[in-house]
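In the two complexes that follow, chain A is the common piece, with chain B as its partner first and chain C second.
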Partner chain A sequence: MDFLNILNCTILTPLVFAAGLCFVPAAKTHAIRWLAILGSFVTAVLGVLAFLWFSASDTGFQFVNQVPWVAALDMSWHVGVDGISVVLVLLTGIVGFAAALVSWDIQSRQKEFYVLLLIMIAGAMGMFASLDIFFIYFFHELALIPTFLMIGIWGSGKREYAAMKMTLYLSAGAFVALIGLIALYLALPADVRTLDLVKLLDYARSHPLAANVQYFIYPLLLFGLGTLVSLVPFHTWAPVGYGCAPTATAMLHAGVLKKFGLYALIRIALPLLPVGAHDWNGLLVVLLLGNIVYAGLVAMTQKNFNYLLGYSSVAHMGFVFLGIASFTFIGLTGAVLVMFAHGILAALLFALSGYVYAQTGTREISELGGLCKPLAFVGTLLVMAGFASIGLPGFANFPGEVMVLFGAWQAPAWQAKMGAATVSWPVPLAIWGGSVIGAVYMLRALRNICFGPTPVRWQMLADANLFARVPYLLLLGVLIWVGVYPRALVETIKPATAQIITAVEKAVPAVSLKR
Partner chain B sequence: MEDVSGLLWRVLAGPLSAAVVIWLLCHKSKFYADFGPVMERQMAWIVAIIFLTGSTWFAYSAFSAVRDGAALDNQPLYQFLSVGDLDFSINWSLDKLSGLMLMVVCGVSLCIMVYSIGYMHDDPGISRFFAKLSFFVFSMFGIVLSGNFLMMFIFWELVGVSSYLLIGYWYERPAAAEAGKKAFLVNRIGDFGFLLGILMLWGITGEVNFVGVKNQLAAHAVDPNLLAVATVLIFCGAVGKSAQFPLHVWLPDAMEGPTPVSALIHAATMVAAGVYMLCRVSFLVFGSPVAMEIIAWTGGITALMAALIATQQNDIKRILAYSTLSQLGYMVMAVGLSDPHGSGYMPAMFHLSTHAFFKALLFLSAGSVIIALHHSEQDIWKMGGLLKKMPITAACFAVGTLALCGFPFMSGFYSKEAILGLAHERNHGLYVLATATAGLTAFYMFRCFFVAFLGKTRGEHAGKAKESGWVVLVPLIVLAAASIFGGWFGIPEWLVENNAISAEHAPQIVMIAALAAFAIGAGAAVALYARGAVADPLNRLPVISWVLRNKFFFDEIYMVLVKVGQGTLAWLCGFVDRWIIAGLVVRGLTATTRGAGQTLRLFQTGNVQTYALWFAAGATILLYCLVR
Partner chain C sequence: MNLSLLKLEIATCGLAMLVLMLEAFVPRRDKRFLGYLGAAGLLAILAWSYCPSVTAGGFTMGSGFNGMWVNDAMALYFKRLFLVGTALVLVMSVGFARQLEGGAGEFFALLMFGCTGMMLTASVNDFLMLFVALETVTVSGYILVAWLRRQQQSLEAGVKYLILGALSTAFLVFGITFIYGSTGATGFADVAAKIGTAGAPLKLGLLLVLAGLGFKMACVPFQAWVPDVYQGAPAPVTAFLATGSKAAGFVLLLRVLFGALQSVKPTWVLVIGTLAGLSVLYGNLAAMPQRNVKRLLGYSSISHAGFLLLGVAAADSFGIGAVLFYLVAYLFTNLCAFTVISCLAGTLPDDERENYAGLAQRSPLLAAAMTVALASLAGVPPMAGFFAKFLIFTAIVGQKMWCLVIIGAIGVVVSLYYYLGVVKAMYWQEPRETGAITVAWPMKALLWVTMAAVIGIGVCQGAFTRWAFDAAATLVK
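Showing the complex of A and B:
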């Protein structure tokens, strides 16, 4: 059975479980919860297996399965992963399982919630595993639509406003990206038009698109996809969206779905439109520094913890963009590692924040305080996650961000003379934003949430029980594993990023490093 | 001879395992009580000390290997990551420098762990304390043994975070939580420069290993100005960690942590890591006279400024904290003044080693006093007369004081002499400054001793003070012995192979001047405080005393700068985000969309004929496009 390869299984498993859930009576909430957790668990195991079975020494796509569908558009069901996507499949599996576990606090319409959650997981898996542009787009929408519903129905605070704002932004972004993709399709000569990504990449390597065509198509993809990733100034949906989303949705969206735009940029825009990417890099670097520095400064003024985390995740996306924009092997590899690291970290932070919210009923930083006393476990993990977020070595973000910085330091385009030294000018700003501004807002929040005297009303809060600890410890364990031994992921990512960078350097000689 | 890298990872593994074991098993929570065997939380210190002793044993073996000059097969432990031109492994440097530092860290941490059993006896969080302390020792070992810049940066950050956690150990106290945060943030500013410096060096040499960078710099001619910039950036890391001017403001506040923490981290080991790092990269520092000049003056200014402030502090731990700042300034200055062809970094490392012992001793003695005063009084003016009530503690404090002030034949005498001799040889301005600082040191330390231990008892707690128990006193006595005899262990000979240089003494004039400074400082303290003063006579000096008591207003100035600079910027960004980007732009777009919707609604008339017309028009256009 060719069709039952590991990738098809990771996509179909959550869908099968979601379909199965539809037949369970809504009143049997326990059965629904366990079935959903089982579904996400099986998916996670499949994701881990895909990662383990993936052979890091081979280049090209693995676990490929192709079933022709619409011949006229050369569209097919085509799955396969390389080093970049297999890491994201792993991420989706882990975060999906953790999100299903923390959803125990959902108290109404559990059935619908878990069905949507499983669809989200399936969509994310499909997005990363697909090699056909139609299915990439399709799975992206499949994962995105449940987000809006979940925020609107199970959210808190200004949930309707948040859901609407997020819908508008993300749909607009996806729409602009869609125009870009169609333009890309039409820009090809009629006889080679295809939606198959592998064929496209091969074709583009030998017949690059005309520079002016690339110049017009790339911004559509950059800003369309950039909106999905909360590139400044298209970021304002993120804080309010995460501020009001139910915990599992915030975890999955900030952790996994937000990586869609970045993934598509790396997978589609960078190899197909390298000249365009190079032309627009000057603007991109300003915007991404906006992410790192400006969003960090805005985070300092936030009073709601989830808003702060939202801005913090906007800031972290700047590092991924920096790695992509550096056009260097080190930088791009680091960018993929940051995508993974931030995915796990964002999930952990939102999960912990969700626990605190479930216990206290507030996310206002000024109302919390001294939570380390009643919530020894959750408080400790919150402190650890906070430090992971400001790039403390030992957690996964550190190696990723260091690689991005080293890559950006190398980038020929950014070399600037400052006195006696030659400096890559975005790097000092990025370090300042990531390690100083990031530390200021995160430590301030930790100080006000976890430390200090405990107000009387929080003294009797219940710490997480054994079951509730599982997702937190899982995510923390992954963060520490990658933080201590990043080589495990880096070696997998390397062949794929090397291939992309080689292609880019061939198309745009200006970005290749001087030897 | 066993492979030395095998020894070294075991050195690191000891305290790390202790921290993990304590964190996982030594809990008071009910959660663990239900699940299998639970260690009593008092077991925490047993675990911590056993693991540390094991590490010390391995460290000593490594030290012996260095001493015997065994050929070291320096295998990396594992490759951290390798991509493109960046190759980064966990590897080691083991030489006389790290061997000495390793022994100092092991010795002081063992004493302080034992002491902590007594000091933290009644604290409910004792297991958390020992876990964090073990984690700190692990990170400190990591710094000492790092074989490359990035590994050093990793452990650099890890000691930073353990310092943060231990300063804020009593996290319910707002002051402690604030102090931890401040320490970490100020250090981050230094680390900003450190990381930039690492990047710049990597850009120049393509290497992150110390050995690789050194070889590359030796093999290729590099623009000296570029090298100076890189060195100064690396030095920024040391400015943060070793609390040099202008980033010194965090160290006095760090005294909010428990006293053993102040002794171990904020006096003996971590704050000295900056000096150690400069010695480790001496191949870089010594190659750049401009950077050395900057380093020397930064150290000198810190030494003098901190000594001045110390003369007007009243909290016993803060006096010691400023004294630490001042001595760190000495060490940094010594690095900057080093003679690359002579004694090298020996004077700095020599003073670092002796200082570790006598400053740990002083802090622990102060801690013993604080125990006697029931953890509720640290103002020396509310003590007094403690000599009779706690003679052993007082004697130990006196030994520490004498060693710190450079009393002849105590350890501090030799190491300070080495630095003063160096300054006399290399830079006269700094020599005068350093000698003046030595006088001030004698003055404020004797002031502290006289006021706290002599005269009449003044506070209610001081009246009831009792000598501490043996678990507290034994580490004191061990450290006191080390403070007395530390100058005789042959540290200079260990660091400098050439006997002609290591045996060299400073000219007599330097020694006489140093003794004169000591006599003047101590004499002034005797005159002002030895006769049972109840208030500081210096308070009557108008402006100077006010400025010194307020520490030259650094905290206030920085507060204003942060508020005005960063605060305004953040407020502005928040405003723009809320009202311009999310407000005008997004609302504007919403309004446009709504307007478009209103317009389009005009087409939705509900009239079938109209729809048919639109349909026909659309189909025609489509057909035209297809047929064309």
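Showing the complex of A and C:
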């Protein structure tokens, strides 16, 4: 039974539970809910086990399983993880479980909701565990469509508009990326064409693609995948989408699904198209500053808390892009760490915001106030999560962002070594943008929501009970664990990012010095 | 004369005549069993087509009748596709039979005669044969479209289909006379041999033949009949036109292009590429404002003709393989969608999108099946339509037809908008009426079968891709 290895199980478990849920009568809402929670819990346990069993000292992919699928395209069901993806599998497991737990506020059509939620978790697991370009894309799309239905059916506010806008934006971006992936597949000579990522990486190591081909394909991936990660100026779907989505969907999407674009850039684009990445880096730097500074400034003006969180997550993505654009080992490692940290943090913030919304029925910051008194527990956690978002040491975001900034600091020296123009100004701008703007909007929002006089109508709000606290504490615990002991993840991530950077360092100077 | 080359067609035709005869003796309330008989018979013929005597280079493979007829892997591929499609349409028609006034048996028989014609098209290797095969399909189509003779819409659709169909037939005959006049031959191989020396009349003739085929495929600029006929015809007939008839048009196109016109490939690649781009753009853009679901599927059918033509324009064995895979994916997807429409035909006042509001609450199964079908049409994983589009786009990116890639990409994103519009109505708009909709078990079975096929082909693409590519390899050498 080679097929039932741990990664295949993480993908199939939620699907099996989703299929099982279809046969439970819709009226038995308690059974449905507990079954879904059980499914996401088993998945999370499998994700944690994959992380624990993963041997950080071995390079290469682990828990590999391969089944031929379509011979004509050399496409196969191929799963396996390295240091980067195993961390994201862990993230998916944790966030998926938390998302299932917080969904008690779903009061109608529970069966459909939980089926879609489990499909989303399976899709997210699949896209990180797959080692075949087709299936990486396939699983992302699989996770995307439930988002549309969930926002439309259980969303709030302008949900129809939000669902349509988000789905069209993301599908368009994904389709552009798909064209890029197809072009990448076809860029190889006909006899070695393969969709298998491992074979592709091996081949590219010995036969780098021609520089002009890379120059042409990379922007398709950058903008296509960038749209999925809300790279400015393709970010406008994020605030409205998250503003209207039900809590669990926002958690899973902002926390996990959004990382797909970054993951594919790091996994596919960087090692296979290093020269293209290098050539387009100048533009990427400008755009990512847009994320950090511009999106941050826009976040300052938001009146709706979820919109603010949406813009804040757009801004945080800028740091991951900065890590990628730095082309340095420490920067890329930091980028992966930020991906994990932001995933947990975004899930926590949306979960808490969802609790407040379920209690008060509003997300308008001006209508809230003094919530720390009636909601002592939730309010406190909200403040802590806000501090984590600002980048306070002790939470997971801090080590990640610091590493990214170190990387960005090293980037000019590195680029000089590569024989390219020096770009140093993003660093101070990013530090300024990230720390000051982030602090302004988040602290202001926290002050208005948590402190000050409590309006009379909010004085009788009920704080989270013991059961409802579990997901919040779980997410916060992970944030603090990684915050104080980042080595736990960094040691796992390092070998994989080192390999990618080595490949880039080998490929880029060979071309740019020749020019 | 080696009649055994025709044994699948003869069996199908015989089955149709048997049903037609039994129609006279079977009491009215048992007529539906004729439909099941037909479906079972077609599936038996399908199973027969897998017998070694038919497949393994036995005496039924090869060409015959002085080269008018060719039985190869591609012919067999299409014949099986037509058999499966017609069998499923027959089951759908039984579920729809209450709406059909008068002789349901004749309706079933006509479907099977149409199927015979379509199976003939798969083996065509001669322009005269092409005409005979195509007319067998079209003439049964005329009657079927206008079957609901008390409904104005159906009659209107029938008249439109008849007039435009007759016009396209005229084009076809006219074209064939030009071809015969300038080459003295009707066989594809003979025409191919003389194509270098013949002048403008031959080219005109070929263009006219392409126009006639364009009508069947429903591509721009021969698409005008599609929305009205799709909307007016009974749902199973629309399904038959959308799947079988379209596939028949495509198999003929492939036969003509690769049989007779192989040597002037650069020219027709340009023509087909242009038609493909126009069809994708027109079909998708015109579908956006549609509010009637059948009509919307009509426009979507035009756009899918465009996507299929994209694969033909790639003109290599990969592109043709992609087209063949696409047709199978499209067959099950459309049958799934039209089964839902057939189920609703008796319950809803008409096919306006507003009537689909809240369908998920009235019948979760129908809403789920429609969603699966629409997602597949839109090209969303894990449905079969996604992998089909993936193959088509791989083919045209491989040919570096960037202009068509961009048009196709626009088409895909636009199509998502209107397909999701229907999903939106079904899942989160409030229903006008609340009563639950019950679905009879044959239709339920059909829904499950087509849904399973759409998802199954979309996930386990390996075998289907292999069949399609093997068949394509016999055509494109």
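The working rule: the second predicted complex is superposed on the first by the 498 of 515 C-alpha atoms of A that agree within 3 Å, B and C clash if a C-alpha of one lies under 4 Å from a C-alpha of the other, contacts with A are read in each partner's own complex, and residues count from 1 in each chain.
Note that in this section contacts are C-beta pairs under 8 Å (C-beta built on N, C-alpha and C of every residue); 3 or more make two chains touch, one makes a residue touch a chain.
Everything numeric in this text was worked out from a predicted model, so none of it was measured.
Asks: With the two structures overlaid on chain A, would chain B and chain C clash, or do they fit side by side?
Replies: They clash.
Asks: Just to be sure I read the superposition right, which of the two partners does A:F175 touch: chain B = first, chain C = second, or both, or neither?
Replies: Only chain C is touched by A:F175; chain B is not.
Asks: Scan A:P428 for contacts with chain B and chain C and give back first, second, both or neither.
Replies: Once the two structures are laid over each other on A, A:P428 reaches chain B alone.
Asks: For A:P453, using the defined touch cut-off, is the partner it touches chain B, chain C, both, or neither? Pick first, second, both or neither.
Replies: first
Asks: For A:L348, using the defined touch cut-off, is the partner it touches chain B, chain C, both, or neither? Pick first, second, both or neither.
Replies: After superposition on chain A, A:L348 lies in contact with neither partner.
Asks: Please work out whether A:F138 is in contact with chain B alone, chain C alone, both, or neither, and reply first, second, both or neither.
Replies: Touch status of A:F138: second partner only.
Asks: May I ask you to decide whether A:L149 touches chain B, chain C, both, or neither, giving the answer as first, second, both or neither?
Replies: In the superposition, A:L149 touches chain C alone.
Asks: Which partner, chain B or chain C, is in contact with more residues of chain A?
Replies: Between chain B and chain C, B touches the greater number of residues in chain A.
Asks: Just checking: does A:M125 make contact with chain B only, chain C only, both, or neither of them? Give me first, second, both or neither.
Replies: neither
Asks: Residue overlap on chain A between the chain B contact set and the chain C contact set?
Replies: Overlap of chain B and chain C footprints on chain A: residues 168.
Asks: Where on chain A does chain B make contact in their complex?
Replies: 165, 168, 233, 236, 294, 297-298, 300-302, 328-330, 333-334, 370, 372-373, 376-377, 387, 392-394, 398-399, 402-403, 405-407, 409-410, 419-423, 427-428, 431-432, 435-436, 439-440, 443-444, 446-447, 450-454, 463, 465-466, 485-487, 490, 494, 513
Asks: Provide the residue numbers of chain A that touch chain C in the complex, in ascending order.
Replies: It is residues 68-73, 112, 134, 137-139, 141-142, 145, 148-149, 152-153, 159-160, 163-164, 167-168, 171-172, 175-176, 178-179, 182-183, 185-186 of chain A that touch chain C.
Asks: In the complex of these two chains, what residues of chain B are touching chain A?
Replies: Interface residues on chain B, with respect to chain A: 29, 31, 78-86, 150, 153-155, 157-158, 161, 168, 171-174, 176-178, 181, 184-185, 188-189, 191-192, 195-196, 199-200, 202-203, 223, 225-226, 228-230, 566, 569-571, 573-574, 577, 581-582, 585-586, 590, 593.
Asks: Within their complex, state which residues of chain C touch chain A.
Replies: 321, 360, 375, 380-382, 386, 390, 393-394, 397-398, 405, 409, 412-413, 416-417, 420, 423-424, 427-428, 460-462, 465-466, 469
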